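Both of the next two complexes hold chain A, though its partner changes from chain B to chain C.
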Partner chain A sequence: MQRINFTIQDYLEENPQIRRITRYVVFIAFIVLTGLAIYYAIEIYTWNGFIVGVSKSLVNGLALSMLLFLMVSGFFLIFGLCDVINFAHGAFFMLGGFLGFVLYIATEAVFLDPALPFYLIFGSNYFVLSIAAFTVSALGATAIMALIGGGIEFFTIRRLYGNPIAQILLTVGFMFIITQVAEIFFGPSQFSYFIIPNSQITYFFISGALDFGGGMIFSSYRIFLIFLGFTVAGLMFLGFRRTRIGLQIQAGIEDSEMVEALGTNIRRLFTIVFMLGAGLAGLSGAVLVPWIGANSGHGLTYLIYAFVIVVVGGAHYGRFEGTFFGALIVGLSMQFAAYFVPFLESVIVFIIMAIILIIRPGGLTGHE
Partner chain B sequence: MSNDIEKEGRLKGSISGIPTFLSNNRTVIAVLAFLYLLPLSTTAGTSPIRTLLYLVTQIMIFGLLAMSFDLQLGRAALLNFGHVALFGVGAYFMAYTLDADLFPPPFNLIAAVPYPLTLVLAMMIGGSLGFIMGLTTSRMRGTAFAFIALAIAMFLYNFFAENPDISGGETGMRVATPDLIRTGPFYLLFVAIAFVVLAAFFGMIILYIRKRMEYTGLIVVIVVMVGLTGTLLAFGTGILGPVLVSLAFLGVIFLFWMERKSTVSDPLRYSEVETGVTDPLTAYAIPFSIILVAILGLVLSFSSNITDMVMLWVEDTQLFLYTIPVTYYLVLTCLAITYFFVRRLIASPFGRMVTAVAQNEERAEALGYNSYRAKIVVLVISGAIAGLSGALYAPYLRVIDPHTVLGVEVTINAMLYTIIGGIGTLLGPILGTGVVVYSELNLVDFITEGLGLPGQLWLVGLGVMYIFIVLFMPLGIVGSIGQKTGSLKAKLRRMKLGRFEFGLKDSDYWVFGLLGIMGLILFLTEDARFVLVTLGIFGFLAILGVVLLWILRRDIIMGVKKSFRNSRFSRGGN
Partner chain C sequence: MNNLLEIENAHVYIGSFYILQGISLVVPKGEVTLLLGRNGSGKTTTMKTILGIYPPREGSITFKGENIAQLPTHKIVNKGMGYVPDTRRIFGSLSVEQNLIVSRRKGTSQDEMQERMELIFDLFPDMRRFLKQRAGTLSGGQQQMLAVARALVNNNELLLIDEPTEGLSPLLAKNLIASLDRLKEFATILLVEQNFRAVSKLGDNYYIFDSGKIVHEGDNMAALIEDKKLVAQYLGVSI
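Coming up: the complex of A and B.
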């Protein structure tokens, strides 16, 4: 039977010259379109406004991308290695935010208690106090979320490998439970550090700003987020290249049966990956609270971003770098769209995803 | 001339096919008959069953949605995260269609075409969006398809959410109730359909009793007779109707004795297929008179209700409560038609081909099937069904906003209904919808009043329920029960009480479906009149359960011991 569906792909594979020409044409068209877009942006916003807008959305976009990358890398690892679409990942992220918030308040109260020795160190220096308390809260949220994630894997998901549909149901169940528990404890309203009147965190993390003149004022917290994100991402890349477990995880994403045949305890690897993924979600949730606050509705919103980023980066047999670039694309495009084309802000991510999937069905790094 | 003969032959063939059809769909027809019977009991004023009808309507609408999702996931192995787009497109299309002020008259759909046709148009809209999704399947497989569909759905959602002037925004968009739903003749049409289904139900019982010569058949018929007569006594207005219906059942029992006697005295004649001899008395005269008497009884039981409803329409055509039974009938009819259509589709060669493609795409392609086209057709059909459910949902809900009809939650819900009911089992998604929707609505009451806990815990309870269902029934309710009861059925077939044969065959299980839905719905109405009937039904089922436990006591003890031993060993092994 003759194949009826005629695809452009087949035609291009048969004619390499046309393929090359099309590639050049697409490249030139892209540059021309970008130039036109920049030209019109300068026309509308003036040169100075354009520069301010670009730099602001660049900083915000980079900060958002780094945070999304921290969250989504966990999702990607769980999806890549264990083949579990973790619907509860957004809930992990959300819960991490709440945990970071609570831990920060508690740590600050402990540090400022005159009866304890911490008071001698932090009692006079609020700047050091807020940084130390924030570090403690972020690390604490990471550890608690890692324990929760590992526990969920160990007690429930472990029984259901190889049954993807049941895994979806299970993780959706956990998503409901976590979201609702958070809502019972914290209520449906938005939480942010502003509502705690005596908290010291506003000194540095929220009100702090760097002024470069000419209207270019950046929140210092977002610049800190960029550095944090790059640091953690670099550590993870190093870990995946240098450590034994990292290499095993990367090999397991490529071919888990082969890794198991070579003598690795893949079940233990799954648990570790779940702990790592949930911990990263908790970390990103905790450090994102000063920016976007903590809300029980965040789970589903950020879960969808996680879906998009993983698909853009390459879901099946994809590489870790794909997720990094996917997060960059999504974060930057969201912030640029928010500044220059506000009506596209929530849609642009999906347009970009559709374009990338049409050009490369496997995402940036994966294959079908 | 020959054409006429051919037509006549075809007509004859389709009429003679009816008994086979009735015998093959016993459970569905019994349940359908009871569901069609329900709204007949609503009187013109307020009735306790109205709230329940409203709830059942919602369950059936989402059941349609879950069925269309299951057609993709269970049959074609297409996981679709953007299923809600098909639903929401239908809903918004219906909302615009029913808005009489949107366009001037020549372009105004609801003024130009009758309401049922707009439903068909909504199906076409859903189907065309399904076609667009299907076009992407040529390159997108597995998760890539799921996510491109998600992109389409999110695109639509954001488009509608950010343009409040076309979508109603946060506050929502009012959807007018179609005028046709308020009219009396439309109601009478559905009443006529209801009586046809009830006649089919009695015909099914007669066919059943003529084939079922053991005493089990008699027991089953007596149980159904008691349950149905009790229900009619509580529902209906007069005493004459139930008496006539029980007379019809007595006629069925009389038929049973006649058939049994002739079987015992002349075993050869029993098998009609071999001898070709039919007794006109037992084959035609008695059955038709039984059906006539039964329908007469039903008409007498409900005539005052039906007259009340029609009088209400004559007096005032704008009453809201009046729309509930008609909407219920409309949705139920759509669901029944869709169910039979999908079942026919799955059994057809095309359905087999889709299954082959879903199991192994390369192999199916190598055998010469066009997998691309199969997927597109499945997506178009399922999109049409989802569009239909959306189009039914918009006037039902009366106010729609982007979040309720286009939000991701609807997709997740459809997925949950399907998975909980059982993937690939046609009735499973509908059952799963019933379980989830009902527990969503009533878990709050149960937690606050039954357990004395804060009501916000209901979502936690739902999550725990999902986790338990996954851990103990990985194939969903219908799938897991079907898997586990295979050996049980074999044992039930050889069941004996003393020297009394009590074997249950496959053909007997419809009675459990009927009694289950009857008991459940009567129980849920929470009306004092139905207590006796409900107690009777649940008592019968409980006695049957105790008898079963007694008969199977050895196997159960063995099974418990075995599973206990197994679990201990597997713990140690890990």
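Coming up: the complex of A and C.
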């Protein structure tokens, strides 16, 4: 597949005229196909069913996109600044899920323990207790993963800058180690862990659904995820525009040697970026638990999504925003496919990736 | 102590290539020292060696009386060096202002930076106009102004300026050299320049490089220009 893809790319590279024509053809074909798809979807599902399907896919897709964005932005930062393809990133994400799960259950147990003062604060107010436990689990998973990521950078990857083969082998090794450790404690990927039913109080603060009537029922947690994702994305965006360290990271993605020659300790910046990236993976893994659950198989699955998103968004010299749009495309297309064409769910992202690579070989925001 | 920077018998390898084969030079305080020579003679490598990007395998580099030869780049730069690289290497995705903010070091306070900005605007009045513009969209001359300005954000005692007029039109090059001439008041300058005639009035001392060695040095630029044999041998365009 890849070889064919390269051949097509090379051919288009040499024949700009044909490339331009293909571009128009692809664009028109896209509109026609979308039109046809919508027409048949309305035929099959009726107008009402179509609207319900679209809105459900939209909500689920946005929620998934936000999760993917949080995870992949860490992957992108590490790749962009340190030039390290972090194969362990999916495993960080998976481990973040288990950390979130364990921390939630443990924090809940601590809050419920009658021998401890927390009991007096929360009493039987399970709503507040659940919010507190969730916050602790999300922030805790972020912090622990940041420490693990920073530690891995500081003690191992730091010695291997400029040696990509060794970096790949090392991070692949970490992926297997982390996955194996998770399997030892939580079993193989057949088992998914959810907060409920494992919680003692079997209550989670956003467990209900919003009903807009006419079959338009949305899980509130997924809507919460959309808001959380947008908030974190907005904070990151501001951080990269307004803070000195954010600007340094952006400048370093362009030319890290020059940033160092201006007097910045680039090694420290690398460690910070690893901590940030792994922390984001931990956060996204932890907030995934109430929806998709923690699962030792996530390491590999989500690593592949990370690759697709970075390639679609524009990998090298790409912009940060590219990752955001890449995540939107992957998340939305997967959820739309899951509802309307279920047999395409697992492959649609790769089809889209191939199309985008043919039209824009550098990804959405990268240079061609 | 008159010499701000001294390099003593530096041997530099890049990978397995033996690039600088025993370089010794001094940069006197308050003066402009020129590094001349053909492409690939080791001038830029000398700059990068001073900055610690290619640390010398042998030899010492003394800056303000302190050996900096094996320090990491950011520590060397923080002792008071500003670097203007040969291909400008501005950060194209950031605005001009953000480029300058990134360049501010920890030791330079916001207030100090404001003062330095006055100096920058004084040297390059045009910069006020494109301060908010994305650096990647600037013209070559504007990018070069930014590259020089980036080295001026901090109060640097030594400026390492590599091929500032490369790729600029003769008029822009002349203006830039006039700006560098004014910079002499504020800092010591180590300047790499292909077009040695353009900077002949600027330079106080010069070193001529050839194949990783210093083959000639002196402090009389006028005499150098007259020395046809030397110019033809080491500085002329070879066909």
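Convention: the second predicted complex is superposed on the first by the 318 of 368 C-alpha atoms of A that agree within 3 Å, B and C clash if a C-alpha of one lies under 4 Å from a C-alpha of the other, contacts with A are read in each partner's own complex, and residues count from 1 in each chain.
Here, a contact is a pair of C-beta atoms (placed from the backbone, for glycine too) under 8 Å apart; a residue touches a chain by one contact, two chains touch by 3 or more.
Just so we're clear, the structure is a prediction, and the values are computed from it rather than from any experiment.
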Which of chain B and chain C A:Ile358 touches, first, second, both or neither: first
Contacts for A:Val287 in the overlay, against chain B (first) and chain C (second): which applies, first, second, both or neither? neither
Partner chain(s) touched by A:Ala251 [first = chain B, second = chain C, both, neither]: second
Chain B versus chain C, judged by how many residues of chain A each one touches: B
Touch test for A:Met275: chain B only (first), chain C only (second), both, or neither? neither
Just to be sure I read the superposition right, which of the two partners does A:Met334 touch: chain B = first, chain C = second, or both, or neither? neither
First (chain B), second (chain C), both or neither: which does A:Glu260 touch? second
Touch list for chain B against partner chain A, complex: 73, 81, 136, 138-144, 147-148, 150-152, 154-155, 158-159, 161-162, 368-370, 372-373, 408-409, 412, 415-416, 419-420, 423, 454, 456-460, 462-467, 469-471, 474
Would you mind writing out the residues of chain A in touch with chain C in their complex? 244, 247-248, 250-251, 254-255, 257-267, 319
Once bound in the complex, which stretches of chain A touch chain B? 1, 3-5, 7, 9, 85, 87, 156, 159-160, 163, 165-166, 168-170, 172-177, 179-181, 183-184, 300, 304, 307-308, 311, 315-316, 343, 346-347, 350-351, 353-354, 357-358, 361-363, 368
Spell out the residues on chain C that touch chain A in their complex, using ranges where they run on. 51, 53, 72-74, 77-78, 83, 85, 89, 91-94, 98-99, 101-106, 150, 154
